[in-house]
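Consider the two complexes below, in which chain A is the common component and chain B and chain C are the respective partners.
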Partner chain A sequence: MATRAARKAKKATRQPASHRTWALGYLALAAVMFVVYQYALPWEGLPLPIYDFLQLWLPPTAINEALVYVICALGLNIVVGYAGLLDLGYVAFWAIGGYCAGWFMSNFFEQWNFHGLASVPTTEPGLHINFWLVLVIGGAVCAFFGVVIGAPTLRLKSDYLALVTLGFGEIIPQIFFNGEDINGFNLSNGTKGITRLDPIPTGVKDLGPFDFGSKFVIFVLLAALMVFISLQLRRGRLGRAWLAIREDELAASMMGVPLMRTKLASYAVGAVAGGIGGVAFATHVDGVYAERFNFSISIFLLAMVVLGGMGNVWGVILGAFILAWVNSTGLPALGDTFNTEFGTDIDFPSFTFLLFGLVLILMILFKREGLIPESRLRMVLHEGDADEELKPAQEEKK
Partner chain B sequence: MTLSNELVLDASNISVQFGGLLAVNDVSFNIPKKSVVSLIGPNGAGKTTFFNVLTGLYKPSEGKVMFGDREITDLPPHKIASIGLARTFQNIRLFGLMTAEENLLVAMHSHLKSGIASTILRTPRQRKEEKEALDTAREILDFVGIGKWSSEYARNLSYGDQRRLEVARALALKPEILLLDEPTAGMNPQESAVFVDFVHRVRDARDVAILLIEHDMSVVMSVSERITVLDRGEKIAEGTPEEIRSNQRVIEAYLGKAASEGRGK
Partner chain C sequence: MSQAAVVEKAAVRQYKGTPGQIRRRRIELTAGVVLASLAMVWIVVNIINSPAQFAQVFILGFRNGLLYALIALGYTLVYGIIELINFAHGDLFMLGALFASYFITVWFGQENSNLAGWLTFLAALIAAMAFCGGLNILIERLAYRRLRRAPKIAPLITAVGVSFILQFIGIKWNGSTPRNWPKVLPQSEFTVLGVNIAWNTVILLLIAVPLLLLLSWVVTKTRQGKAMRATAQDQDAARLMGIDVNRTISFTFAIGGALAGAAGLLYQQTTGTTNYNLGFQLGLIAFTSAVLGGIGNLNGAVLGAVLIGIIQGLNDGLPIALGQKWSQTVVFTILILIMVFKPAGLLGKSTTEKV
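== the complex of A and B ==
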């Protein structure tokens, strides 16, 4: 039987055996990058052209920033890719995470003094809590807000959900933007932002804003943690329920899956990643600035998930990396090279969103399943619509 | 055929209104323990709508539904499912991009306990629970005869196997009542005959009461202990297959329908 052979082949490609390969591949890549940034780049003997090339095309700050996007995109993937909920306001969690770092790792609240295993001397005023604890706090605060926002909105049909999350993503940054004087209380320092964060304690050495190599390792670890959490959840009770909801919400509820709770769980877990990413980002830029948390980041993250392949963590990592890199480095570097080569004066970075729009449209037209699709999605998108195939005989009967 | 008079389900005076349309009109209906009862009627009679009331998808405008001695009229669908009312769908609604066994595991959701933390950490309890759930799922798939497709995507199964998978998924809820909405739709006569045996096997081995919506009269007549006939939202007859076969109103409802549409059973 030909079909049986075909089925066997399909089975072989589907099993998550490739998870290990992907994980090892990415880790090897990370190891190479670490060696380059930690040892090769600062090395006196590095030939100047190579040094210039790396600084132009692969600067350490861009790579670390891309990793922050990876962390957040992995969180959004749980909401959008796994549970199939459209969230257009994910930047709110990123902002909340960022401000957690700002509040709990700086001199900002100088009216209060609290030190929790922090890396700075206890003479420093303000709230100073150990970075690793702040990660937990940021994640927890975001999970809390995820539930608070999700509880009333997740009952809505997905279009409305998109609108409400969009509003949430606008409101939270606005609160921080205007939060300099809330009845006399300075919540966020407004447009000036909060800066100079405590270094990251590692037990060996405290990492300041310029320890790119070591922070790279920390960010890789955080991203790896998110991958681990995603994969573990995906293969368990909750992950199956998410997928079932994505497939057919009504059928899922008829099979005993509580829709609200299950959706809320995806929202909360996704929010945790946003919080962790926010804390990481704050340490990366050594501060939090309200104007950085704008709507475009939500869309940007969504584009990363779509480009990489909804529901597939490995694809999402790739998508996040590519888009973050194009945005921060690729386009400006291409612009510089192009302009010096041809004596033109074109502002390449201003085309970022044109480019992303194009990428999204092209992806939707030609490769809807993303660069590295989840095997399940690849099937539908290349074989036609699932619904059509699932109810052939019922129609003909009527 | 004698029906026990202990009821698993008792729906009284149910009405459902869609705008100006009274899709179900003051219908009372019960299901005795471990029985096989059927709901028949012409297209649009309100059978599926009635099902949807029992499973909590629609809230009736009048009437109440008792499950044992618990009122379930206002419970959300997932609650009703988890306390023992499982259904299949008239148009198959499997999770097409999940494997057959995953489809069953989804239905076991409410019986499993692992939370976020234990799933991430893969605690021994979580692993044990998952393994047991998987064993149960495979056992049910074997029971309905599609064990060999346990790790195949639902959408890749043949039509008949998808119907079986829907029953298997409903059984995974460990229901006391199994509601089957036109399970033989699209089957040929031989398959339907096999299905009759299958229904009895399910009832006996799984200890459930079965409520069947069915258009195929040969199936209905040979499988049901009691038949209820709906027409335009109203219950027009109820009784044993023999009684229904000779009931004048039922014949009219069907023949009238068939004559006006130029076809029928």
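== the complex of A and C ==
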């Protein structure tokens, strides 16, 4: 007992690895991957087995999609990991961001003509705004909705908040789903979705839907921006206030932390990340489709945060990469290989529900702090465990 | 201002709450009155427009409301006792519906509405209740019990995980598309004052109402019910009084699960379809009902469920309404409005954080 407690204490006081090392590792890995996908993969001399292996197990689209998940998971991490508020409707922000891209970067609104530094000729009908500005717009719109939904609900108990956000996450996609004809106005093109978005202007060249390598760089930079924001905020006054609220709301408010305003800030920052992720995802798939924005996305993101380690930026990135890859590539590829190898016909992708459910349950039951734990959170999450040890004795008595 | 006046003013303020609370209460009241009068106008317009159709969809909504009540009680019982929103409860209902379908159609091969069919239906009722009750006990034992003293976010996350696993079982069992089943309940209708009422509505009433009464009796009159109420009030004190808290909580989960199983069977037999994501949709509706009535309050759950069922029925079936495709949105808007303006629900006690 004593040694266990001592070991725990020692672990808890260990300093986390320097952020600079992590950041350098992240950028170096990104650079290697960029070189591989931009130059090695199209190269004629690449041995065919390696090419096939990469296309099967690590296709460029999967990497880019995973990066979008990273951006959103980092945003959710601010809400769940830093401030300790459970948000189950995060997909709403993703959807709003996506539709911002759909509205402002396509020919969809043919009845209006507006061009704001766009990459398409001014003869094209519809609203066309520069991708980088749309990122800002998407973030701002989501922040607005975050405040609107958060302001009245954040005073509720934390589990009620989970439900209100869940309701919000159901309503917003349904509005887009049914939005084909709202009093004669076509808001979202319904189930058909909005396709063909403007290319991304970079100054050098405009990136269309198939410029995976260049878009990879943009997504890496957006994710890096989110990492930077997360770390800066955490280190600052606001971040310390979030952690204080997460650990003990009552104590925090006694110390003068304005609860409502601080919680609202976390919610708004998280929403901005969701909006940016939504715009990025829309450009990644070159369109927005209402039926993609369903409840499972919110849960996927939550599982990523929980798997990686709530509150730890690098853990969340790892968790997002693992789960996004498993979902988009890992399971289908494994299934194909397994089925051809053993002549079976097992539908591996259908196991995602089981997988994500198990990740959530097993992580919470056995490793609540995630793969790369955040030292402070570990102590908070295991607060009740001392009482836990009384239980076996009690059950025996029965 | 004299000293006495200040003291008196302070006393008055203490009596009515802080200015913020008073303002909040006023906003709540105004919003409530406005919403209620709008709803009344909508209802009256529809009654004048087509009285027969109104009665028809009203009865349909009432029937669905009773179904929701059976599910909502599971949420409210569990929330009342361990303050956990059991996200997996809706999916338990879905598995109950699947179990009942397999029991009646596949295992016992009943497809027609005859005596054998009805007897199988009754057997399926008991089997589905036992199945879901047992499953719920198992879920509590594996996923929630260890986390009883952990921070609140932990069991909520495992509940979401359990919900996903149950949906996975649903996909494997049912297939990923809706599936149609033969019904063993009579499909005919009878007419009262120009309104068609299906016989299965009557049967649903005959099963749901006694179940609700039975539950009410168990909770208020029996020893086990007393233990449940004591545990809900204060677990530690209950333990000191010699109540086996773990067993009481298991019992609560069993009752909630059994009601969900009954609801599953009734749903499957009245609509004739099952789908793996049924639990998610109906679970959320049922949860909204529980919140509307005041979560943790049994009567509230039934009241809320019947209200939600009727509102949804009217919205889906009336000519002057948003229509079925906005059904979910209507329900969730109600959920958000209650959460914002009256989180305690219609019959519940105040639940805002006291910070």
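The definition used in the following text is that the second predicted complex is superposed on the first by the 360 of 398 C-alpha atoms of A that agree within 3 Å, B and C clash if a C-alpha of one lies under 4 Å from a C-alpha of the other, contacts with A are read in each partner's own complex, and residues count from 1 in each chain.
Here is the rule we use: a residue touches a chain if its C-beta (ideal position, glycine included) is under 8 Å from a C-beta of that chain, and two chains touch if they have at least 3 such contacts.
None of the values given here were measured: they were computed from a predicted structure.
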Chain B versus chain C as contact partner of A:I50, first or second or both or neither:
neither
With both complexes overlaid on chain A, does A:M255 touch chain B (first), chain C (second), both or neither?
first
Of the partners chain B and chain C, which touch A:Q232 in the superposed model: first, second, both, neither?
first
With both complexes superposed on chain A, which partner does A:G84 reach: first (chain B), second (chain C), both or neither?
second
Taking the superposition as given, does A:I182 touch the first partner, chain B, the second, chain C, both, or neither?
neither
Winner by number of chain A residues touched, once chain B and chain C are compared
C
Who does A:L166 touch here: chain B (first), chain C (second), both, or neither?
second
Taking the superposition on A as described, I'd like to know which of chain B and chain C A:V359 touches: first, second, both or neither.
second
Do chain B and chain C touch any of the same residues on chain A, and if so, which?
250, 253, 259, 380, 398
For the complex, give me every residue of chain A touching chain C.
80, 84, 86, 88, 149, 152-153, 155-160, 162-164, 166-168, 170-171, 174-175, 178, 249-250, 253, 259, 295, 299, 302-303, 306, 350-351, 353-354, 356-361, 364-365, 368, 380-381, 383-385, 387-388, 395, 398
Touch list for chain A against partner chain B, complex
7, 10-11, 228-229, 232-233, 236-241, 243-244, 247-248, 250-259, 265, 269, 376-377, 379-380, 386, 389-394, 396-398
Using the touch definition up top, name the residues of chain B that touch chain A in the complex.
43, 55, 57, 76-79, 81-82, 86-87, 89-98, 102, 105-107, 109-112, 114-116, 119-122, 126, 130, 151-153, 155-156, 159, 162, 169-170, 173, 182, 185-186, 215
The answer for chain C against chain A in the complex is residues 83-85, 143, 146-158, 160-165, 167-168, 171-172, 176, 244, 246-247, 280, 284, 287-288, 291, 325-326, 328-329, 332-333, 335-336, 339-340, 343, 351-353, 355
